[in-house]
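Every chain is named by a letter (A, B and C) in the order it is written, and numbering of its residues begins at 1.
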Amino acid sequence: MAGMVEKRGAGYWMTHLGLIIGLLFIFFPIWLAFVASTVSQPEIVKPPMPLLPGDQFFENYRKALFSGINAPVALMMLNSLVMALGIAFGKIVISLLSAFAIVYFKFPGRRLFFWLIFLTLMLPVEVRIVPTYQVVANFGMLNSYSGLILPLIASATATFLFRQFFMTVPDELAEAARVDGARPMRFFWDILLPMSRTNIAALFVILFIYGWNQYLWPLLITTDPSMNTIVMGIKQMFPSGDDIADWPVIMATSILAMIPPVIVVISMQKLFIRGLVDSEK
Amino acid sequence: MEKRVTFKGIWLPLLLVLPQLVITAVFFFYPAGQAVYQSLFIPDPFGLSMQWVGLGNFEYLLGNAYYRASFVTTAVFSVAVTVVSMGVALYLAVLADRLIKGSGVYRTLLIWPYAVAPAVAGVLWLFMFNTRVGVVTWYLGVLGYDWNHVLNGEEAMGLVVVASAWGRISYNFLFFLAGLQAIPRSVIEAAAIDGARFWTRFRTIVWPLLSPTTFFLLVVNIVYAFFETFGVIHTITGGGPQQATTILVYKVFSDGFVGQDLGSSAAQSVILLVIVGALTILQFKYIERRVHY
Amino acid sequence: MATVSLNGIKKTFGKIDVIHGIDVEIEDGEFIVIVGPSGCGKSTLLRMVAGLETVTEGEIKIGGARVNDREPMDRDIAMVFQNYALYPHMSVFDNMAYGLKIAGTPKAEIAERVNEAATLLQLSDYLQRRPRELSGGQRQRVAMGRAIVRKPSVFLFDEPLSNLDAKLRVQMRLEIKQLQRRLGVTSLYVTHDQVEAMTLADRMIVMNGGRADQIGAPLEVYANPQTEFVAGFIGSPPMNFLPSEIEPDAPEGARTLGVRPEHLRIASSGTPATVVYSEALGAETLVHVTLPQGGQATVRQDAVIPLPAEGAAVHLEWNATDRFFFDAEGRRR
């Protein structure tokens, strides 16, 4: 904004300095977690802990991944991955289908359906947590992947996003496809779906992170440690009572919990920002 | 706005909406209805029967000192989280926007925390401020300050606020930066030619033009603080000490699952539902207004 | 190749009547242009023939068979859309081949037909490109190609040239005409541009407010317009309309007198008028005048005739055979 106007003098360096201070604030907690995951327990419990990495990296991560505290972290990561992918794919698939129906068909109950899913925009899972838990328990879905996934795809954000996008697709494309002989589902597969690629990818990034970072829901329905997800499993690693926590393993787990979503965000940065902006419109 | 509807058929579209309809009905409408229904009853101690109490649960809640305190806690907490995270984000966005080159690098680095789950953020901050091993606690001790968020309610609140705000900075930063970059350069240059210095330009031109973004973020951040910070609070303080950090969502959880007080928990859900509803309507009103621009 | 017949076609959207009953028999290989101002129902009529709109009343036959209830793909038609409606994620080849693929045509035959059409339309070098990598004229050709490869009995064109600039429009107009001559496919072409209608049509349907005011060969319609609307719509600059009282021998019931600009002459005697402004266009000159009885008129004269000065008092004359009289309803008298 002002870069063009201001000279490249003290102000320029102050700008960088300000940003770097901000970055330090952002990264210090992550750095500290990383350091803690590379040192031994005695180094931590005798404060102050060191601020530079130690030599226990492999030891701590090996211990976390393959034995963990309640369950191996590798298993918890697998659970998280299944949950995140299940939520992302599940929500994208059902939303694509219903958005297609709403936009390209006139069927009885369309308006009603539209308003029903509109209502779901307003209620995060936290608000209806107790009755939802009862439903899942009645279905015998505690400690199961379907129990982890299904209640979290019951929301219409993605449906709205796709509806919005489909509305911008020119009518003539559907008509041209009809003249070309495409039945509705053929049009959906051959034309609409390929045209939605970017939107699907952007939404995938957002939903993957949403799913991976779930906390309260897995906390409630996975009582069996082998079904724990990594994000909620960290808290379970803290001992009850006065025992000292195994900080190096806990911090290694925290770092492991961050890596997949961070990779997704950084590697798909453009799509991610676009998805973020779109899904809030 | 409607499409020229182009495909015929009734069964196909119904089949297409069926998956979403079933999932929404089973995991959304039924539970939401249950929440409203249960809020009107009190279960007996053995959970065998339900006694109709009408609005009794609500009356009890609103008269309950703990619940009212939780309201105040939630208000303080959400305002603090919103102000801190938006303030820091705006500061960083304004700086990044001043750079012609290199703002992309900072952006890439600054979006990291978005990927960090609130619960993990909670663990990271808990570790720094841990009363036994925390680095920050130790250095504060050297400076003569005795940090103990386990006993001190205000320190506990401060810690959950900072941890929650920290995870939110990326999000706000991205929107602020996008908002700033959308302001036409010519407007800023015109003001510079008129002799306005940076701060004057910011106050009289940038800030007013940024207000739609700011307002949007305000609503979104309050919703975030209300609901998505559960992980932070659960990992750092568990709502304590003496309920000093028990926000409304946390109380729904602790009364419903820990305390097994279903009627009260359901009534709390209904109250939250009304609050979210109001916030959502506010947000849609705002979007409508933006469309009219 | 096929005949198309429309019998008493009506269309209603909700309670609004858009088309009030159209009857026309189109011969095999004929080029029919449906022309009219926006909102006259011309696109709706075309879309009914395509099967993209339902027919409220009446009957559409293609090749003698009633097609009212057939899907577009079962009507043996192809359509070129105003914005081309090319599939943005497919190559030019795939765009043209899509309909054939759906129909289950063998691969070798698809390639042969697409290549043939591409050669015809000079698109052979662009087959692997995406639509967004093409110019407007090229996209237009791809849209035509998509229609050609299916070898339909009827081509439907919905304002296919309106997104092109003026120069390209003239060129593509010519290409479309030549192509249609060469392929001999029955064509229905919708446009709001009367020049396109005049140049392309074997016969044209002039539509006004959901009715076909006149159906006929372009020159016949020009020389002998049946309504005041047709007279004013076809021809540029449009026909002059003057109060019929100017002519003492006006037939009974006539309210308006119409004379085309080229039939007006500036003369030493006749109806008095005042020159407002002259536009010299090179080959010809348009002289705009006002009449004391009220009303304005345009005189189209050869450029060799000296320009009258602005504000000059002049006289207008015309031949009795060049007059058209219209009544209060706009019908010819």
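As a convention for this text, a contact is a pair of C-beta atoms (placed from the backbone, for glycine too) under 8 Å apart; a residue touches a chain by one contact, two chains touch by 3 or more.
If you're wondering where the values come from, they're calculated on a predicted model, not measured in any experiment.
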Exercise. Which contact partners do subunit B and subunit C have in common?
Worked result: A
Problem set entry | Contact-richer chain pair (by C-beta pairs counted) among A-C and A-B | A-B
Seminar exercise, completed: Per-chain Cα centroid nearest the overall protein Cα centroid belongs to chain A
Problem set entry | Distance between the centres, which are taken as Cα means, of subunit C and subunit B, whole angstrom | 60
Problem set entry | Averaged-CA centre spacing for the pair subunit C and subunit A, given as whole angstrom | 56
Problem set entry | Chain centre separation in whole Å, for subunit B relative to subunit A (CA means) | 16
Problem set entry | For subunit C, residues that touch 2 or more chains besides their own | 52
For this session: For subunit B, write out the residues touching at least two other chains, lowest number first.
Result: 6
Exercise. Got the subunit A residues that touch at least 2 other chains?
Worked result: 175, 178
Seminar exercise, completed: Residue set of subunit A touching subunit B in the complex reads 1-6, 11, 15-16, 18-19, 22-23, 25-30, 32-33, 36, 44-45, 47-49, 51, 93-95, 97-98, 100-110, 113, 116-117, 120-124, 126-136, 150-151, 153-156, 159, 166-167, 171, 174-175, 178, 184-185, 187, 209, 212-216, 219-220, 231-232, 234-235, 244, 247, 250-251, 254, 257-258, 261-262, 264-266, 269, 272-273, 276-277, 280-281
Problem set entry | Residue ranges of subunit C in contact with subunit A within the complex | 50-52, 71-73, 77-79, 81-89, 98-99, 102-103, 146, 150
Seminar exercise, completed: subunit B contacts subunit A in the complex at 1, 3-7, 9-10, 12-14, 16-17, 19-21, 23-24, 26-35, 38, 88, 91-92, 95-100, 106-121, 123-125, 127-128, 132-135, 137-139, 166, 169, 171, 174-175, 178, 180-181, 183, 185, 188-189, 192, 198, 201, 206, 216, 220, 223, 227-228, 230-231, 234-235, 249, 252-253, 256-257, 262, 265-266, 269, 272-273, 276-277, 280, 287
Problem set entry | subunit C-facing residues of subunit A, complex | 170, 172-173, 175-182, 186, 190-191, 194-195, 197
